[in-house]
Structures are given as C-alpha cells and as structure tokens.
Amino acid sequence: MNLYEYMGKEIFKKYGIPVPGGYVIDNVNELKKYEEPVAIKSQILSGKRGKAGGIKFAKSNDELVNYSKELLSSKINNLTVNKLLIERMINIKKEIYLSITLDRSSKEPIIIMSSEGGMDIESVPEDKIYKIYIDPLIGYSDYIAREALAYLSVENKKQFSSLLRSLYNAFVNEDAMLMEINPLIIDNDNNIIAGDSKVIIDDNSLFRHDEYKIKDTDKTELENEAANKSFTFIEMGGNIGVIANGAGLTMATLDALTLHKLKPRNFLDLGGTDDIEIVEDAFSFVLKAKPEIIFVNIFGGVTKADTVANGIVSSKNKFNIKQNIIVRLSGIHEEEGRKILLNNGIKAFPDMNDAIKAISKIYEVN
Amino acid sequence: MVIINKNTNVIVQGITGHQGAFHSGEMIKFGTKVVAGVSPGKGNTEINHVKVFNTVSETLGYEPYASMISVPAPYVKDAALEAIDNGIKLIYILTEHVPVHDTMEIAHQARRKNVMLIGPNSPGITVVNESKIGIMPNHIFKKGNVAIASRSGTLTYEIVKAVTDSGFGETTVVGLGGDPIIGTTFSDIIKIYNEDEQTKQIVLVGEIGGGEEEKAAAYIKKYVKKPVVGYITGRSAPPGKRMGHAGAIIEKGVGTAESKINAFKDAGIKVADYPDDIPGLLQKL
Amino acid sequence: MNLYEYMGKEIFKKYGIPVPGGYVIDNVNELKKYEEPVAIKSQILSGKRGKAGGIKFAKSNDELVNYSKELLSSKINNLTVNKLLIERMINIKKEIYLSITLDRSSKEPIIIMSSEGGMDIESVPEDKIYKIYIDPLIGYSDYIAREALAYLSVENKKQFSSLLRSLYNAFVNEDAMLMEINPLIIDNDNNIIAGDSKVIIDDNSLFRHDEYKIKDTDKTELENEAANKSFTFIEMGGNIGVIANGAGLTMATLDALTLHKLKPRNFLDLGGTDDIEIVEDAFSFVLKAKPEIIFVNIFGGVTKADTVANGIVSSKNKFNIKQNIIVRLSGIHEEEGRKILLNNGIKAFPDMNDAIKAISKIYEVN
Amino acid sequence: MVIINKNTNVIVQGITGHQGAFHSGEMIKFGTKVVAGVSPGKGNTEINHVKVFNTVSETLGYEPYASMISVPAPYVKDAALEAIDNGIKLIYILTEHVPVHDTMEIAHQARRKNVMLIGPNSPGITVVNESKIGIMPNHIFKKGNVAIASRSGTLTYEIVKAVTDSGFGETTVVGLGGDPIIGTTFSDIIKIYNEDEQTKQIVLVGEIGGGEEEKAAAYIKKYVKKPVVGYITGRSAPPGKRMGHAGAIIEKGVGTAESKINAFKDAGIKVADYPDDIPGLLQKL
C-alpha cells in the first residue's frame, strides 16, 4: 500500500530521521496561527504534485488560510485533496535523492542515491545514480554509509550515516517495498532533512502491522470494496466488464480485448474457486462498474467450468442482468458448462478469440 | 528429464490444510512419491495414506529430496527455513501473499545452502510421466518435447492444454510464481531447459514487472539454439497497478510488456499475441 | 562476566520468561512479612549451592528471619553471602534442563536440553541430552521449538515455544556466552517457570551494555583491581609471584613451575608493551599478593627485553622489593637486558628451565 | 608455500592507528606487498608510502587479496563485513576483545563467501621468505621445513625462535588467535600443512579451552604421515578461569589440558612438557 507523505514522515520521525516541523489538517479550522513561512502540501498519492499546483507557499496568515481553502477538496491530478500537510519552510543548500527499494533480480534491498535530488529518478541519467545492494542475511553495516559518502558529497557525514541506518531499519522493520526521500535536503547549516516521503508497504505483511490497517486511498472505492472481499479488481476505464480466472489469464484477456480495439472496463480475477457464490460476488462488483457488455473468460483447471456456468446463470437471474454476457469456457467440464449456458440463452465459446470476435461483432452491428 | 523424476521423494508441509490435502492426493494420482506430510500438532495422523509428522526432522527417515510448502503466508518463512535446515534440496512454495521480506530471506538462505526454490505463489512443477509437485491439473499433460515456464497459474494450464491438444506435448512445465521476488526465475530455468536433451523447444510465458524476461532473452540470444516461443501478458496494464500478481507491476518505467516483447524479438524468440497462437508458433520437428 | 541468579532472572523477566515472584535483600531489615512458604537463596557465583547449605526453605516468619540472618555474611563454598533472593515456592511437576551457549567448534549458538533437569548437565549421560544448533545469520525460527518438543515432553507447547524464542533473543541481544535455566520447572498447572538462572555475559561486549558495568564478583579484590588497569591477573594460591608476557607464555610459565613442583602465586600477563611504567604497575600487583619469590619470564618480540630490564630495576628500587627476583630474559635486546639486571644484582637467565631450576635451588637450600 | 606468497596484495584496515601504522611498516620491511591502507576519514593521506583510503571499495584498483584488520574491537565486525563484501579472500583480524557474537557472524559470512578468516586476537600469518601479515617479529624467522600453528602470540615467537636457533627453520607460522571462536582452527590448518610440499614436519601449540586440538589430533591420526610435535599450555589452570585469552578456559569439564595431551599422544604426536623441549623433539630429516 502507498502511504501519504505525512504518514511516511511519521515513520521517519519514529526512526529518528529528521523531517521539517509540521502538522496535518482535514479542515481549515485546524490551521494553527501563522508564525513563519510554510509550505502547504496536498496529501495525494501522485507524483508531480508541485507542477500540478498541489503545493503552495504561504508568507502570511492570510495566504495560509486562503491557499488552504483553495487546496482542500480541490482535484489535483484527478485526485481529491482531503488533507494538507503544513510544514515549516527549509532553506535548501543541496538536494539529494535517496531511496531503498527491492531489487527483484538480486532479491535484495537496494539503496539508490543521486546527487540530483528533487527530480524523478527515472529522468536522472544512469551515470548519476549510485546503487548499493544489501545482503538480507547480513543487513546494514556502517561501511555502507562510508561507501555512499564516497559518491555523495555531504558535509555532515555522521548525520548521514545515522540517517541511512535508520532508513534501512525502517525499511526492514516496516516491511516496506519502497522508502524514498526525494529530495533529501541539506540546509545551510548542513542539517539533513527529509523533504518528502514516498513509502510503499508490502500489502502481504499487514498481518504483522496493525498500524497500517487503513483505507488504501490510491484505490478507487470499488477497488477497495473488492479488496475487502479478497478480489483483485482494477478499474480500467473502458466499457467491457471482465471476469476471468487467474491473474495471468485475466491480463491476457484484457490484452486480447485491447488488441481487438475493445476497451476493458476492469480487471477482475475470480481466483481458483469452485463456489457459485464467489461467481455471484464477482458479478456484483463488475455490475457496479456499469459495463456495457460482460465478458467471462474461464479456463477450468482446479476451477470447474460447469460450476462457473451455474454461477453465471444464477448471477444473471439474481441481478437481473440486462447486458450481453459473452462467455468463453474451456478446460475441465467445459462441454457441460457451455451446455448449461446455452440452455440459459448465454453465448459460450470454447475459444477465446472466437468469443472476442463475437464481442467485436456486437459493436460493429451497433 | 530435469529437476525431479519418478523416484523423487517429496514431503508436503501443510498437508492437513485444505490445499495440502487435496493437492497431495492429486500428486499421488499423478505418480509423485509423496513419502510423508508435515503439519505441526497433527503428528501421528495420516492423510491420503501418507503419514503426518510434527516436524520435517521426523520425516528424514524417508529421505525426502523435495518439499511442497502449503502453509498460511505468515508461516511460510518458518516452514522454508525448517526444510532448508533439514537438508531438503528442492523447495516449492504454493502459498500466495508471502511477505516479500520473508521471501528475500528464504531465497538467500536457499542459495547459500544450494537449495532450488520454486515460488512462492507458484502452481509448481510438472515433469510429464515422472512427477508433479504442485497444483497443476493432472489431465492437461501429455508427454512431448516442449518445456514451458510461466509466471502464471491458470494461463499456464490453458497453454499446456493447447500444446497437448495440438499434439506437441510437454517435457517439463514450471510455474515460477507471480510474486516480485521468486526463487527460480526465467534466467535460471532457461539454462535447465537448454541442457535437457528431451526438450526440443521452449515456451516462456512472461508478464509485466521486473526484468527477468529480458535477462532470459539475453541468455537465449547468446546460448540457446532450440526454438523458443514467448508470450507476455499485461500489454494493456496501466503503470503502478499490481495486476493480480504482486509482481505484475510496472514501476518507475521498469517492467513494461513492450520492453519484454522487444527483448524477446531481439533474441529471435517468436512472440505470440494471443495465448491461442502459441501452438501455431511451435515447430514441427 | 558471571551474573548472580537474581540478575539473570531480571534479564529473564525483561524478555518475558516467567520466574517465581521474589525479591532481593542485603540485610534482614529488608525482609517483607511472611505470607507463604519461600525459598531463601544465597546469591553466590558457585554451583552446588544447595548441597553446601546455601538454600533454605521457610514456612513461617520466624524461619524466614532466622535463616536469613544465618545465611547473610556466612561463607558458602568459600564465598561470602552478601545478598539473598527470597522467592515464592513453586510446586514442581517436572524439571527440565535448558540452556543456550556458544559452540566453539560450529561457531554457532547451541540450545542444550535435557529432560533430566536440576542436575549438573556434566553428569547427565550424552544420550539424554538434546542439542540444536542455530545459524547466526538466520537466527531463531519457530520450527526450532517444534523440534525441541519432539524430544522434550511438555504439555504447554505454546508457552515453551514462546519461552525458547525469548531466551534466544535474550542470549543474542545481551551478548551472552551462556544462558542456563536449570531447573526449568513445570508446575502442577503446566506453567513453565525458570527455577534458577546462570548467565555469563561476554566481557568484550560491555561497551554496548552499560547496564553490566558492575563489579564482577567472581573475581577476588586484587583480580578486579588489575582488571581495571587492563591486566589479566589471576590468583593461584601458591607462593611464587609470576610476571610474564603474553597469555600463552604466562600459562607456560605456570605450567613449568608446577611441573617442577613449585607453586605459582598468580597469573599476570604483562602484555605486549614497551613502557617501564607498565612493568612497575605489574610489580605493584604482584607485590600485593605477597609472594615469597618473584619470577619474571619475558620473551622480547614486540616488547623489548632491555626496556623490561629497566622496568624491573626501577620497580625494585621504587617498591623496595626484598624478595628474590629471578628473571628469564630472551628475544630482542636480551643481552643488553640481562646485563642491566646483573649490574643491579638481579639474576637473569636466557633459558626458562635454567631460571626455574634456580628457583628450585632456593627452596632446596631453605 | 601456502595461503600467501610474495605476490599477495594486502591492504590494512586501520592503517593509521598505532598498531596498524607500526606493523604495516614492519610487514613492508619483511617483503609483504602492502598495496593500500583504509582508515575512514583519513582518505587521501599516506603512511609508510602506502596510500590511505576511506573505504575498501576504493582500494579495489590495487586488486587486494588479503586484508589485515587492526581497528578497535567495536568496529571489527563492520570492517570485516566491508572486506568480505568487497571480495577480499583472506581476512586476518589482529584486534583483541572482539565480542564473540560479532565473531560468529563474521566467521559465518566468511565461510559463506569462501573467505579464509584468521583470528581475531591473532598475531597473524608468516610465510617465510614470502610474505607476512600480522605482528610477529621479523627477525625470528629462517626458511626451513617446519610449519607451526599456535593459539598464542609471544609463546609462538619464542618457539619460532627456538626452531630457528636449532637450525630447522620454518615454512609457515600461523597464529590462530586466543578467542573462543576463531576463523581458521587447528583442524583447518593441519590439512593445509599436510598438503604443503615444503613442510616436512609440524608443530601445534595448543592451550586449554574448546576441542579443536582433539579434532586436529583425530585428523592427524587418520591422514597425516608427517612428524608432528605438540605442546599444550594451561595444565596448571584452575577450571572456570579465563587464562588471559578469552578462549583459554575449562568449561563444564570441556577443554582440559589433559584431554588435549591425551588426544595428541593417541595420535602419535610427540608432546613437549616445556616449550624449550620442542626443537629437541623435531626430527633430523
């Protein structure tokens, strides 16, 4: 799950990583009296927040109140701003990029650094990026900071060393997939301060982190609702509702539709199941997304095709589905399954491409 | 054939669970030598005519070589470390939702102790006519000359069935797992398939996320003479979204379908647009 | 450093390992009013405390007061009792032996268990002892408790598992060389309780454990005083004071004296030095032990023989040493060194055995 | 010769410290190729005409094979992990008083990465006429056919000198270190000495504590044809007392001089009562 900047900074504080003094508000009534110049930062899970106008700087109480009013409830990069982080302004001598993430290839945590702070790391040239791999069986040791400091020019080496150790501890203890500080600010007194935070916590670790059991707000309402039912549901913006089984087959289904110039409304992985009710649950989510057509693509392996067929029929009746349902049903018990569907007036194909062609035809006809 | 054969002794950690019980039964039907089960607190019971013990240590009399781990995600690390500590040489993790920090530790300890790790979040490994460890449906296989590796489950079954139905048949099928960090990867498996004499051609079913398809492509370009067919899912996936698999995500521009497809093409791999196209791209040898 | 039982049990408590309720006194005035049967346990660093009369059981207030008076300041196994641990009596269903120590050969922590609790582990036959090695790069994992429980019969498996994890954490975090619970008591309600504690903390780790900077009371006063000056000084009970350089050579010196039926008064390793003052410090400690003769055995490697010779001469003058000083001086600058000594009336030999023969002769003559 | 030779590139971690500075100078005089020094915060300086860097990583251009670690005990683990991570293949730790839990971790990581570890709390290794890493006095050696291993410092110098003076001379001398847990032990070193063609006879200088002398004796009994002379210190030591070396302690009846002497005798090793007796027990070959 992606954490808001202010939540990432709370973690930083807990591990002794300096952050600018500040506070969070949901509401302008919670603003404290203006005392010094502050940044007003929209708490949304989106990059390039500043460029999109999500960060304002106030040099008076009026500015503080007016900008806060302006930002709260506004839409930045298509996301509603529900919270603001009001932070003391830091004088900036230098900006550094620092993150710890997982390197999939080496299967290790990796520290990524660059003296080019404040920019998206993707846009920094490779030769200005420095990487250190950490052996997870050994963990962090102080020489890693020394190696980092051979690359980064930082005056306050002791503070940097302690910060890097803290960040690594936070990364491991909090089961993070990413902890990014961009920019890591060095101020005119050579203090090192985390200017921003981007933290992603491993969803699969939440059983040992009660503190993160909050609403994961980079998901839409429907996505969250599905997640609570243990479905992976992703909104895609098209018009063809999709139910498939297995993440791979579901992705393949979306890809195939797209290659046929059709636009999927969603990703929904039914999972490996043999339960009619779960099929009904899947339909209920897809229907909430208001698709024009529903495409069900099932390969029966563990999941039996006839069970799914029965689930489709019962869903159609239960939810009084008016939309066209196109089904591709293959694998174990496929013939029984297709027979059940045809008997109930639902088109069923053994082949995925034939099913998609049938959908294309509907759109051509319309 | 490779990795396992009909003489491979297999234990199942978590054999009394819903998945463990069902799939160990299916494995036995397939012909796998399931010699013992492990389920803490369920020692001295039996399931599918297989004896159940509290610890891996107590199964050592059966000389287990491989373990299938099908325990709830919070207990996977403990089970895997137990298996490694007791000298198991092949560990397959079925379980989904294993914390990635746990997987890192398992993977490193496995490498240190020369243990082959498959998964987590994988459908397992099937060597046709020999042995199956995992959850792939028994009925889809037929002995042939195609080796398949995939990051998916159901999609793999579908492709295997298509390969079977088209008459080619398979030597070995490995599900590598849908997590961001997995034990055996494409670049590991391609070496094994390349050296396997029975395997005449290879199918790789990749997906968005990470760079293992690209690494495997580089290896194929350099060393592999056998025909390879590739397929990549997730072409239509938006960046930053986990597409059902924890590992199927485009992050900071890395892991796009485009990059993988280009790497495949550059290595001379025939790339299928649809899974159904795969049998047609295989060569009549 | 060896910790007293009550100190070990404080560590246990900190890590959530159950111990009997109790308190420590230096003085009978600190006794609490008798409420239930208690054990009165002399806090001395010695095994077989019970057999030597160091533990008493009180079933009334009178007994509590009288036994406490009796034990405090008494000598048990030649050690003065300065503190008592007053502990609630535990009903005992079973006693187990459990310890974690370092296995020198595998270079790993090792868990040692036996169902024969309450006895010295040395006297338990090998086939009743069960050992589990822990890989220090991996640490403890719960399967270890399951493997232990395949050997030990314990009803309350969950409590045992949690206790073993706690003990391992304590062992690592406290830099212990030994954490022994003997007996580990299982009471009639199947609760598991640490009946005793024997804890040894690595002296070399004390820089990260301020809490243990206490007087290590299994050393004599002189040994402690020397330790504060960074000398290893061990009292041996004989009459020949020994100063040598290097632990190996010092042990070899004691061994050689013993083989000649001579009795060393002490072990004192001068270390690798080239400083006259350190030689003087060494003499000051040996003199406090009141030896009949002083034997100095030096091989000059890094330490130069002439410097030591000068140190011996200056010590003799400074401390007005009346005892015979026999010196063996070899290695770098040995001839200069022996000359300096002979010029000051001190016998110096190039060969260790010749020096020891000279000491033997003194005793034969006397 | 074994372990190191005149072409072995050596770095010194802690070269600007009192010990590091003095002994790196002595090593250079001996003929050791000290290619670089490491001392955090002292980069861009020079000592004994050797360049000093802040990190091991910066010395890699000199292709170091071995590192001598002479930093204060609290920093030894960090320095050793740094050396291992940077591919150093032989690590010698001079420092005394290293916490034993740190040594365990260093020793396991060294074994995992195929690094030879000598020490901690060791006088080092000398291969006569080739290279010296450590603090043994230069002047005591003479090329000969005796290999010596010892857990002591000064006592070793004394024995080396006696072997030199008696005309035999040495091939290799290794100080294993006086700590309870050390990298290379008697049972490791005996294999190396047994295989070294220049070594015709072997001297082992053991002491109370642990069981490595016994393990080496068992190996000698089985595999070693070369004459071996042994000596054990601590015969007169009371149990439970650490005799100057953290590792020289009889614990729970384990590690007595008697046990070691008996094991030596049982393996056909000639046992000296006094260090001075050792040259007399060596064979004129």
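Going in written order, the chains are labelled A, B, C and D, and every chain counts its residues from 1.
Simple rule for what comes next: a residue touches a chain if its C-beta (ideal position, glycine included) is under 8 Å from a C-beta of that chain, and two chains touch if they have at least 3 such contacts.
From a predicted model like this one, the values you see are computed outputs, not experimental measurements.
Novice: Chains touching subunit B and subunit C alike, please list them.
Specialist: Common contact partners of subunit B and subunit C, which must touch each of the two, are A.
Novice: Let me have the rounded angstrom distance from the C-alpha centre of subunit A over to the C-alpha centre of subunit B, please.
Specialist: The computed centroid separation for subunit A versus subunit B comes out at 27 Å.
Novice: Go ahead and note the Å separation of the Cα centroids belonging to subunit A and subunit D.
Specialist: About 55 Å separates the centre of subunit A from that of subunit D.
Novice: Quick one: which residues in subunit A touch 2 or more of the other chains?
Specialist: Only 135, 137-138 qualify.
Novice: If you look at subunit B, which of its residues touch at least two other chains?
Specialist: Where subunit B meets two or more other chains at a single residue, that happens at 105, 109, 112.
Novice: Graph shape for the chains shown, where an edge means the two chains touch. Line, ring, star, complete, or other?
Specialist: Contact map by chain: other.
Novice: Which residues of subunit B touch subunit A once you look at their complex with the stated criterion?
Specialist: Residue list for subunit B touching subunit A: 73-74, 97-101, 103-105, 107-109, 112, 135-137, 139-140, 150-158, 161, 178, 180-181, 205, 207-212, 215, 233-238, 241-248, 252-253, 257, 273-276.
Novice: Considering the complex alone, what residue numbers of subunit C touch subunit B?
Specialist: Touching subunit B: residues 135, 137-138, 141-143, 146-147, 149-150, 157 of subunit C.
Novice: Under the definition above, what is the set of subunit B residues touching subunit C in their complex?
Specialist: Residue positions touching the partner: 40-41, 54-58, 75, 77-79, 81-82, 85, 105, 109, 112.
Novice: Would you tell me which residues of subunit C are touching subunit A in their complex?
Specialist: Of all residues in subunit C, those touching subunit A are 137-138.
Novice: If you look only at subunit A, which of its residues touch subunit B in the complex?
Specialist: 102, 104-105, 107-109, 121-122, 135-137, 172, 175, 177, 202-205, 207-208, 232, 234, 236, 245-252, 254-259, 264, 267, 269, 272, 299, 301-303, 330-332, 351-353
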